[in-house]
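So, here's a batch of structures to check.
Below, chain A partners chain B and then partners chain C, in two separate complexes.
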Partner chain A sequence: MSALGGPKQAGGIQPPTTMGLVLGIVLIIIALILAFFLVQMAGLIALIGIIIGGVLIGFGVHFVPVGGAPAAMGQAPGIATGVAMLAAGAGLAGLFGGAWAAPLGFAVALAGGAIGGGLLMAITCTMVNVIYVFGMGIPAASGKVDKDPITGDSFPEYKSQGTEGHGLPFISWVGGVIGGALGGLGGTLIYLELLDVYQAQLPVILNATVEQIAPIAISLAGIFAVAMFLINAVLAAYNITGTIEGPHDPKFKRFPRAIIAAAVASAVAGIFAIGLLELVGVF
Partner chain B sequence: MEEIIFGIGITALAGALATVAGAAEDVESDIGSQGDPNSQVQLAPQMGYIHRIFNKAIAGEPPAYGLWVALGAGLAWAFMAMQINPILAIVLGSALAVFVQGVYATTAYLGRTASLAKFGQPVYIDILKSMTTVTMAHAFVAIFATVAMCHLIISALGHPFPLPLLGLVWGIALGAAGSATGNPFYGKERQYQEQKFGAGVPISASGNIVRYAEAGQRNSLDNGFFSAKLGGPASGICFGLIVFFELWRTVVFEEFNIWGPIIVGVFVILVFAIIDRYIEVWARKNFGPYTAPEEASS
Partner chain C sequence: MSVKIEVGAGGIPHNQILIYGLVGSVILIYLTYLNTYMQAPYFAFFGGLAAVVALIWGTDTIKHLCSYGLGTGVPSAGMIALGSGVIAALFGATTGIFAPIVTVIIAAIIGAVAGLMANAVVRMDIPVMVVSLIELAIVGAITVLGLAAMACGTFEFLGMITGQISILGFTITSYETSLIGGSIIAVIFMLGAIAIQHSFNACLGPGEQQDRTLMLAAECGFLSMIVVAIMSFAFIDRYAAIITLVISIIGWLYTYAKYIELSKRDAYAWLDAQPILEPKGGA
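Our next item is the complex of A and B:
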C-alpha cells in the first residue's frame, strides 16, 4: 500500500503490444522512404539523426528525478515540478549551448549540448538539496530503495512518518545530470540535422546565399528542435505516469516502451520538419 | 584579450539579471500560488478548509514563463525592428506581456475558485483586486530581466538564435529552475507551517493548510513576504548560476581551445557533485534519523 493512499504503482517492465510494435516499425519505414524521396540521401540521414535524437530525449527523461506535487510538501523524493517541464528546461539549456557551438563542428556542438543540459540539472539538483536541508531541515531519503546504490547510505530510518521519502538522494542527483545531458545531446542532434537540411534547401528556394538565409534556417531548426523536444518529453512523461526517483526507481524499467514511442513520434514529426520546405516550394 | 574581458562583463551582467529574474519568478508564482504546492490550495476547500489564497495553477511555471518571456521577447524584437531604442523596446514588450499574464491570472483565479463553489469556497473579489496587480508587478520584473538577458546574449555575445526563440528557451529554463528550487519552501514550510520542522508532511495532513495569520486570515501577500526570505533568493541564485556558468565557460575558454568549454563544464558539474554530497552527508550527521513527535508516539 502506498503512503499516498492510492494503489501501488506497477513498476515492472511493460512491453509494447505486437500490434503497436508492428505499426510503429511501419510508420518509421514510411517516414524514412518519404524522407529519401523528398530530400534524397541527405533527408534520410537527417531523419535517422532526428530519430536518434528523439530516442535520446525519451530515454533521458526517465533519469530525471521528479516528485511533482508530493515533493513540494516533502511527501515524496525528487524535484517538485513536472517531468516534461524539468526535462525541457534542461534539454533546451543544452540546445542553447549546442546551437552556440554549432560553427565549431558536429562533435563539439553535441558535447556542448550535453554538458549544457547536465550543468543545468547539476545546479538545480544541488539547490533543491540546499532548500531541503537548510530551509526545511529535512535529510534526503529514497522511498523506493533502502540503500543508495552509489554511496551506500541507508534511507528507512531517515524517512518521515507517513511519507514516501523526501529530498534528493545522491543517486537521484546523478540521474538528473545524466538525464539533462541526454536531453541536451538529443535536442542538439535534432537541431544540427535540421539546420543542415534547411541550409541546403533554402538558398535554392529563395535564390540567396547561405549567409543570407542563415537567420531563417537557424530559427526554423531551433523552433522545430524545441517542438520535438517537447513531444518526446511529454511522451516519456506519460510512460512514467506521475513521479519517478531516477535510475534506481522500478518505473525506470519502463523505458523500452518510451523509446519505441519516441522513435515513431520523432519519425512522423521529423518528416514534416524535413519536408516543410519541399511543400513550401510546391506552392 | 579585450574581447574576453568584455565578454566576462556581459556574462556577469547576464548572471545578475538572471538572479533577479529567478527571485521575482518564484515570489510571483508563490503569491499567485501557481507551483505544485497549489494542489493543496485546490484540495483544502474539498476537505472543509475555506481559505483566502490566490489560485492560478492552470499551467506549470515553465510553460507559463516560456509563453510570457517569448511574448515579451517577440514584442521587444518587433519594436527594435521599428528602430525603437532596445531598452525602451524591452520595457514595452515586457509590459505588454505582463497584461497577458494579468488576464491569465484573473481568468485562472475565477475559473479555479468557481469550480470549488460546491464545497462552499467563495470567489473573493478583494483578493482579485489586491493580488493580481502584485503578481503582475513581480512578473514584469522576471520577464524584463530575462528578455534583457537574452538581448545581451544575442547582441553582445553573438548567440545565433533570434530573440523570441531565445526568450522561449530561457523562459522555460527560468520556470524549471524557479519551480524546482522554490516550490518545496512554499509548499512545506509555508502552507504547512504548523507541521513539525525537519520532517515531511504526513499524507493524513493533506489539505489542512495554514489559513490564519498574525491578524485575521492569511492571504497570498503574506506568502510572498515569506517566500522572499529564502525560496525566492535561492531560486534566483539557482537560475543566476545556471546562466552564469553556461555563458562563462564559453566566453572565457572557447578562445583557448574549442573543447575548453566542455572540459570546464564537466569540471563545474563535478564541483557541484561534491557540494551536493557534502550537504547530504552534513544533513544526515547533524539532523540524525527521524524520530516521531512525542504527541504521535504517546
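Our next item is the complex of A and C:
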C-alpha cells in the first residue's frame, strides 16, 4: 500500500508505477500458467484470446467521443452520457452480432461483432448530431483542435464563448465508429474463446450432448463476456477521467496505461471464467 | 485510513456498515441452505434479503469512493462492481456448501486486482480505491449470488443449470429451463447493477443524508427483489414463490414510504406542504 498514496506529480501523463507494472506482469504470467495446468493448451489459447479481447476493449473505449453532462448542455463536444454506458451499449450490440454469427465460423463471428458495435456507434453518433444541429441549433465544433484532421473544416469561428466546443465533429464520429468496432471485436473474441472452453468441458461433466448443454455454455460465455467488457470499459473510463473528444484529443495519448490495466484485469477475471467448471462436483 | 472526506457529514461510520453488511449478507445467504434441509424452497427469500443488505453496504462504499471525485459518472462504480461480482459469484457457486465464502474471497481477489490497476497503472491515486473496489466486488458478487439463490432456491451451480420441465405429466430434466440456461442470470446482473448505482447517483449533492441514501438503496434492492420473485415462479414451488413475492412487496412498500418521509424531512418545500411563510414586513 505504501506506493499507492504517493503525492501527485504536476502536469503531463503520469506513467504507471514500477510496482504496478511488475505486479501486472507477474499476475498475467501466473494466470497463463494456471490456464495451462487447468485446461492444457486450449486453456492457454483461450486466456490469450481473452487478454487480447480485453486490450481491444480498453483501447477502443478511448476512441469513443464521450461528452458526459457538459455535452447534454451543449458545452462540450461528444455524446451526452458516460463512458461506461456508451461502451456497454457498443459492446453489447457487438456481442449480440458476434454471438448470432458464432455458428458461421470464427472470422465471420468476429466481423459480425465488429460491425455490430460499429453500427451502433454510427447510428448513435449520427442521431446525436441530428439532435444537436436540428433540435438544439448548435453547430459541431471541437475545442481541442483548430481544424478537423479529416475534412479540414475549421472550428474556432463556430465555437461559442465559454464552452469547450459543442456538437459532434466528423473526426469524433469516425472515432466513435472505430471505438465501437474495436469494442465489439474484443467482446466477441472473449465470448468465442469462453464458448469453446465450455462446449468442450460441459458435455463431459454433465454427461450430455453438445446440443443439450448449448444454452448453458452460451449463457455463461455471454454473461462473462459482458462482465469482462464492463470491467475493462470502466478501467478505461477511469483512465480518461470524464470526457474525451476522440482520437484527436490530447487525452487519447493516455491509452497505454489502460491497455496494461485491461490486460491484467482480463487475465485475472479470465482465469476464473476458464477454471469455472474445474470445481463442479468436487465438493 | 488517514484521508477521510465525507459527502454528507454524520451518520453511521462506514466501517460499521461494512462489518454488518458483510457478516449479515453472508449469514442471510447461508439461511437459504435451509431449503436443502427442509427439501422445500420456502426460505429462498433470504437470498433476496442478503442482496438488499449487500446493496445498502455497497451504496455506502460508493458514497465513500465517489467523494474523492472519480472524474467519471457514479454508475461506473456500480458497473465494475457487478462485472467483477458475477464472475466471482458463478465461480464460487461451483464449490457447493462453501459457495458464499469462496465467492467473497474470489470477489476480493478480482476487486483487489482492479483496484491496484486503477491506482498503480491508471494512476487514479485515490487512497481508498483498492479497499473500495474490493468491497464493491464483494457486494456485486453477494448481490448476484443472493438474487440467483432467491430465483432458483439454491446457491449451488448444479441447481442453477438444471431445471425441470413437465410434458404430458412426465417430468424431465432440462438445461434450457434453468436459471443460467435461460439467461435469467443476465437479468439478475442488470437488476443488481441498476440497484447499486442508482441510490447515490440520485441522492448526491448538497444536503445529502446517509439515512436517506441508504433507505433508497434498500428500496432499489426490494424493487429488484420483486422482479426476481416474479421470475422465481418458473423455477421454484408456487407457494414458496408467493412467500418471496409478498415479502418483497412488503419490504418495498415499507422502504418506499420511509424514503418519501425522509425526502420530505430533507426537502426545503414540497407540494402538499404548508405554504412557505413570508418574512414579516414584506420581502
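Throughout what follows, the second predicted complex is superposed on the first by the 268 of 283 C-alpha atoms of A that agree within 3 Å, B and C clash if a C-alpha of one lies under 4 Å from a C-alpha of the other, contacts with A are read in each partner's own complex, and residues count from 1 in each chain.
The rule we apply is simple: a residue touches a chain if its C-beta (ideal position, glycine included) is under 8 Å from a C-beta of that chain, and two chains touch if they have at least 3 such contacts.
Computed from a predicted model, the values in this text were never measured in an experiment.
S.K.: Here chain A is shared; do chain B and chain C fit on it together or clash?
M.R.: When both complexes are placed onto chain A, chain B and chain C end up clashing with one another.
S.K.: I'd like to know which partner A:Gly89 touches here: chain B for first, chain C for second, both or neither.
M.R.: First partner only, chain B.
S.K.: In the overlaid three-chain picture, which partner chain does A:Gly222 touch, first (chain B) or second (chain C), both, or neither?
M.R.: In the superposition, A:Gly222 touches chain B and chain C alike.
S.K.: Going by the contact rule set out at the top, does A:Gln40 touch chain B (first), chain C (second), both, or neither?
M.R.: So A:Gln40 meets neither chain B nor chain C here.
S.K.: Is A:Gly162 contacted by the first partner chain B, the second partner chain C, both or neither?
M.R.: first
S.K.: So in the superposed three-chain picture, is A:Gly68 touching just chain B, just chain C, both, or none of them (first/second/both/neither)?
M.R.: both
S.K.: Going by the overlay, flag which of 39-47, 93-101, 201-209 or 273-281 in chain C ends up clashing with chain B.
M.R.: Residues of chain C that clash with chain B lie in 201-209.
S.K.: Just to be sure I follow: which residues of chain A are touched by chain B in one complex and then by chain C in the other one?
M.R.: 3-5, 68, 82, 85, 88, 215, 219, 222-223, 226
S.K.: Would you mind writing out the residues of chain C in touch with chain A in their complex?
M.R.: Residues of chain C touching chain A: 2, 70-73, 75-77, 79-80, 82-84, 86-88, 90-91, 94-98, 106, 109-110, 113-114, 116-125, 127, 129-130, 157-158, 161, 175-176, 178, 180-183, 185-186, 189.
S.K.: Within the complex, which stretch of chain B touches chain A?
M.R.: Residues 35-37, 39-40, 60-63, 159-162, 165-166, 168-170, 172-173, 175-177, 179-189, 191-192, 197-206, 230-231, 234-235, 237-238, 241-242, 245-246, 250, 254, 258-259, 261-262, 265-266, 268-269, 272-273, 275-277, 279-280, 282-284, 287, 289-290, 292, 296 of chain B touch chain A in their complex.
S.K.: Quick one: which bits of chain A touch chain B in the complex? Just the residue numbers, please.
M.R.: 3-5, 68-69, 71-75, 79-82, 85-86, 88-90, 92-93, 95-97, 99-102, 104-105, 108, 111-112, 115-116, 118-120, 122-141, 151, 153, 157-163, 165-170, 173-174, 177, 214-215, 218-219, 222-223, 226
S.K.: Mind listing the chain A positions that touch chain C in their complex?
M.R.: Of all residues in chain A, those touching chain C are 1, 3-6, 8, 14-17, 19-21, 23-24, 27, 68, 82-85, 88, 206, 208, 212-213, 215-216, 219-220, 222-224, 226-231, 233-235, 237-242, 257-258, 260-261, 264-265, 268-269, 272-273, 275-283.
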